[in-house]
Amino acid sequence: MLEISNLTHTYGSGPGAHHALGGIDLKVAEGELVCIVGPSGCGKSTLLRSIAGLLRPTGGKVVLGGTAVDRTPDDLAVVFQDYSRSLFPWMSVADNVSLPLRRKDMDKKQRRSAAMEALEQVGLEGAAAKYPWQLSGGMQQRVSIARALAYRPSLLLMDEPFGSVDAQTREDLEDLTLRVRSHHNMTILLITHDIDESVYVGDRVVVLSKAPARIVGDLRVDLPAPRDQITTREHPDFVHLRAEVGRLVRGMRSQSAPAS
Amino acid sequence: MLEISNLTHTYGSGPGAHHALGGIDLKVAEGELVCIVGPSGCGKSTLLRSIAGLLRPTGGKVVLGGTAVDRTPDDLAVVFQDYSRSLFPWMSVADNVSLPLRRKDMDKKQRRSAAMEALEQVGLEGAAAKYPWQLSGGMQQRVSIARALAYRPSLLLMDEPFGSVDAQTREDLEDLTLRVRSHHNMTILLITHDIDESVYVGDRVVVLSKAPARIVGDLRVDLPAPRDQITTREHPDFVHLRAEVGRLVRGMRSQSAPAS
Amino acid sequence: MRVLRGLGRLWLVPVVLVAWEAATRAAEDNFFPPPTAIAVRMHEMWLSGPPERLWLTDAAVENIPTSVGRLFAGWLLAGVIGIALGLMLGRSPVLSRFLDPIIEFGRAIPPPALLPFFLALFAAGAQMQIATIVFGIIWPILLNAGDGARHVDRQHLETSRVFGFSRSQRLLRVILPSAMPKIFAGLRLSLSLALILMVISELVGSTNGIGFQLLDAQRSFDLPGVWGTIVVLGVLGYVLNSAFLAAERRLLSWHRAAKQTI
Amino acid sequence: MTGRSLLDNRPLCGAVGVAGLFCLVELAGRTGFIDPIVFPLASTIAGRAAALAADGDFLADVVSTLGAWAAGLLLTVLVAVPAGFALGTMPRVESALRPVLEFLRPIPSVALIPLALLLFSDRFDMKIAVIVYAASWPVLINTMYGLKDVDPLAKETLRSFGFGPLAVLWRVSLPSTAPFIATGVRLAASIALILAISAELLAGGASGIGTFIIEAGSSPDALEFIVAATIWAGVIGIVSNTLFTLVERRLFRWHLARTEGAR
Amino acid sequence: ACGGSDPETTAAAAPGGAGGPEKTQLTIGALPIPDSAALYIANKRGFFAGEGLTVKIEPIQGGAQAQQSLLGGSLDATQTNYVSTFLAVSAGNKMKIISDLYQATPNSFNLMVAKDSPIKTPADLKGKKVAVNSLKNIGTLAVTSVLKTHGLTAEDVQFLEFPFPDMAGQLEKGVVDAAWMTEPHLTAAATKIGAQKLADTMTGPTADFPIAGVIVTEKFVNENPKTVAAFQRAVAKAQQIAASDRKAVEEILPTYTKIDAATAAVITLGTFPTSLDETRLQRVADLMVEQGYLKSPIEAKTILPGANG
């Protein structure tokens, strides 16, 4: 489905240039859920934006479904890290969610009900008529998740999508993502800082090094499906993988650790 | 130091009104670090904004150091939940951090070195000359933490300050906060969704119910100081408290859970 | 290289000139002389002087610098007053409640109608002319600065309150920079308005200036002269605007970069 | 309490402001700081202006000017906003056209109107043409600068959902530029009024505030009439701006909420 | 129908009959000053209607712009002063004077100074500032001829353009040292600020000077000879009345100007010539040549309807 080969990106030029991606090779099969973890500022969002065609990488190639990505591919949805800025303040929450559905063959009523369903799934059925700036941070983040899920893209890119919600909601959203994925056969790339989460939801966990980002680990997660918040997290493989990923992330950061 | 009595807040009026705070009573002693946890959208940020004098609550009182808060009190710093919008895009990172220091009796050089020190503490010594929009989400968040820490306020309010950084950085920042707090005798209120974190860094953990927010739990954390990422988290009291807080947060949310 | 690229951007100018020449020659209308005729007249009016004065004529030396001087004085004054007042009005709802009607009132009054007022207040000549220019061009700056100051991102203001920024810090470090893009739109608008007002202010009771030359040419039915003056105004406008854009590019570099996407 | 409610009363505050200005000008006249011969006393002007309000001919003039003003402003918005979008989104076209546009911008109405007289045999068309010419610039420039201010992430969001450039323009750039455009339109509104009056003044015509001013020029008290008539132009400015503000407040509630302290 | 002969077009344009005017609806521009009184008299008393013309008179601000309206087509005919007309013609515009309207009399155009002005004779004006309503026009021409009789030239003074209503104030403030004014501002300046007459500018070479008339484009004359003739007849009739009956003028003035009846009764009026006389007009052209307003002489008769220029 998705094939990334030798992707590099450098921001700026001259002495102030920043070499963010240092040659990424990655293959993602259709229907896979790949989690990407890595130290803060390593280049995860950059990678995601290149895949979405929002950034022209300075080198390498992204091929999606057989064709090279040079503009934003069709049938793609993104949950941005900076979710609050990606909601439109002039539209109600329901309109924000249903707007992308105009691209689908849906009439107004269908769009509306799809939006309401997605909002319900993220626990925001009561906020449909409100405006984004009337919501708390976590609620805004859920709106942008609802928008992406309602769109039912074949490729879904999520950039730290559950960072601003409480533990319980987070678990619910993780399970929601897993369910939606298997129902609609989406391919998902999910960036997260929560190592437990990456192992819990991912079919694979890809670990990036600090800048310039390179892949330093690509672990297959072979936990029994369907996953379950309690039993899966108690599974010995889970515990083992979590430790493995943790080691990979940490190992790469020894030099850039905050002064202690 | 800080005394909150029967604080209520309602957004809007009429049928669309939202009753966010439903009577909060809270006392925080000088030098204490109080963690606040609660479901997404319950009113944590609202509470924090009332304390900072950024919001005129519709009822009740906030008294800080003996005087009622009706405008923003002196000697206060806030790390906002929406950190990216709280940095000034027209200033370099170093200027963003050193600008508030003009209030202190510091000359230009001192300000500069204080800013550089704070940036170094959060692991961003290399980004001082960059602009905020050249940084990744987690780096921006760290800049806003650095700004607050460099300011050395007597009261520090942090709204989910470590949500966008990787696990290792997060731990480092937690320890940094604890260290700075004890060196400079700050009083800190910290909102978090990470229950482990709340028990690890807090002297007390206050649990809020869903809207209208009320205090449903106020647990003293009596873990041995200095805390340590490994030994503290293994301490039986830690495990016990964590479970306790988790139960309180979950117990209160059964109705508002995302549809499963 | 940069010069070449700069010239390359002007490719449309010769095209327009040729089309204009062709159209006016075909129309043979007295009131629309062809560009070549205008150029000849312009040469005669301003560039037929002695070589040691760079061929500038008396008229050129006397009129153009005086006018441009008044223009700059008026524009700078309007800029300073407009930005200061605009920021004040934008940040103080009470003040704007009192002054808004007066401003809306002043805005809608044709500046020529106020000439007697300025004639009464100021000595005829430069003072009165600068006052007219300021009055005529201040509104875009004032309105844009006011709107910019009113609509600073709430989070920015809250940040500055929380960190106890002083008034001047808040104004200079937060409000002014975030209103800058709007202020620049206003300044750019009023720069060419200033040229227009410069002309208008020189129509009554004046003895020199580009506006006076325009009036003189109109009164003498010297059509190529009228067009020549218009061309001078247009060229001045283009030059001033280019300089302005260059300055803007430096001052608003953060803005451009921060808002860039592919 | 009464002090607060007084400050909250917008029209009252505005009236106090205007009254203050009135007193100031009157005082300047009475003390001789402004010679009443050169510029009439504020009270004299107010008297004349009040008398004009009851003058049927003058009201007809006002209506006629307002007609041209409204039509001109509407056309201005219809022309300048799309033009601003075109130039703001196509930098190559913009840089090619810039020399020509910047050349045209500083042409004063006194030079423009005589030319327009030669080109239009219908007075109304001529007025509309000069209004559109002069009033388009603020809308155009504000639109272009507003486009630069659009949050790139908002645009990227829509792009990521596969919307094309036009859809992004329509659904993101237009709404977020709208407050900027509105400021431009408010500027254009007063410029349009000024041009309508100037065109009537220079070209003459059957009716209009400018025509009234021409006729007033024959009076021994010409100055008083002229200033009184321009007072009404100012009043039109206040009224139209109040309407614009009301509309803006409704349309741009989201903009206010995000920018003004929410309380 | 494009190649239609004259009788045909005439019939098409004037359904009233073969002898009727070609164009019956006319819009003419007129300044709201005493000069144009006859046009309004002709309209009010039905002289135009009697000739089969429907005339709409629109106020204009100045002759120059009105000439542009004429060429652009929004006006069919317009009042204008003769100096502007000759200037326009010398600039290559093809125009014809079809009626004479106004001629100066003593004290209708005076040079005024402030009450206690040290300037006692025009000779004292050397190096001073003189306000006129329009540069390069009757005002400057007339003032220059006064200066000449006192041994000065146009270069000895500085002419400044001010609207008539502003002149009194500028005299009072001392911005200008003298102002060339006409009625009703002359009377007003005398009563309001006590302005004093320095000189009558319509004496000597400018005595009985032709001031204003009605012009149309040459094309208009060629295409509508009968309309022009009808117009001329109606205006001549009205001029007759204006010339002989001051009361008629006083009555009509308040209807199209802001001059009230009381003022109309006291102001000095010019005269209303009843015929279009080529030799009188030639004086204007000659004086303009003499003072350098015209580079080459113009024959006045070439801009009268009869001649084809």
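Couple of notes before you dig in:
Order as written gives the chain letters A, B, C, D and E; numbering starts at 1 within each chain.
Heads up, the rule we're going with is that a residue touches a chain if its C-beta (ideal position, glycine included) is under 8 Å from a C-beta of that chain, and two chains touch if they have at least 3 such contacts.
This is a predicted model, so every value here is computed, not measured.
Shared contacts of chain A and chain C, meaning chains that touch the two of them, come down to B, D.
Ranked by C-beta contact pairs, the top interface belongs to chains C-D. On a Cα centroid basis, the chain most remote from chain B in this structure is E.
When each chain is reduced to the average of its Cα atoms, E sits farthest from chain A. We define each chain's centre as the mean of its Cα atoms; on that basis chain C and chain D are separated by 17 Å. In this assembly, the C-alpha centroid of chain A lies 49 Å from the C-alpha centroid of chain D. Between chain A and chain B the centroid-to-centroid distance comes to 26 Å (mean Cα coordinates, whole Å).
Residues of chain D in contact with two or more other chains: 35, 38-39, 114-115, 118, 151, 156, 201, 223, 226, 255, 258, 261-262. Chain C has residues 31, 116, 119-120, 153, 158, 203, 218, 255, 261 in contact with two or more other chains.
The set of chain E residues touching two or more other chains comprises 64, 68, 71, 163, 165-166, 169-170, 173.
In the complex of the two chains, the chain D residues touching chain C come out as 7, 10, 13-18, 20-21, 34-35, 38-39, 95-100, 102-111, 114-115, 118, 137-138, 141-142, 144-146, 148-152, 155-156, 179-180, 183, 186-187, 190, 193-194, 197-198, 201, 213, 223, 226-227, 230, 233-238, 240-242, 255-256, 258-262. Within the complex formed with chain A, the chain D residues making contact are 151, 153-154, 156-163, 171-172, 175-176, 254-255, 257-258, 262.
Residues 49, 52-54, 72, 74-78, 80, 82, 85-86, 88-91, 99-100, 102-103, 131, 133, 147, 151 of chain B touch chain C in their complex. On chain D, the positions that touch chain E within their shared complex are 35, 37-39, 113-115, 117-123, 126, 201-206, 211, 214-223, 225-226.
Those residues of chain A that touch chain B in the complex are listed here as 11-12, 16, 18, 37-45, 81-82, 84-85, 120-123, 129, 134-139, 142, 159-160, 163-170, 172-173, 175-176, 193-195, 246, 249-250, 253, 256-260.
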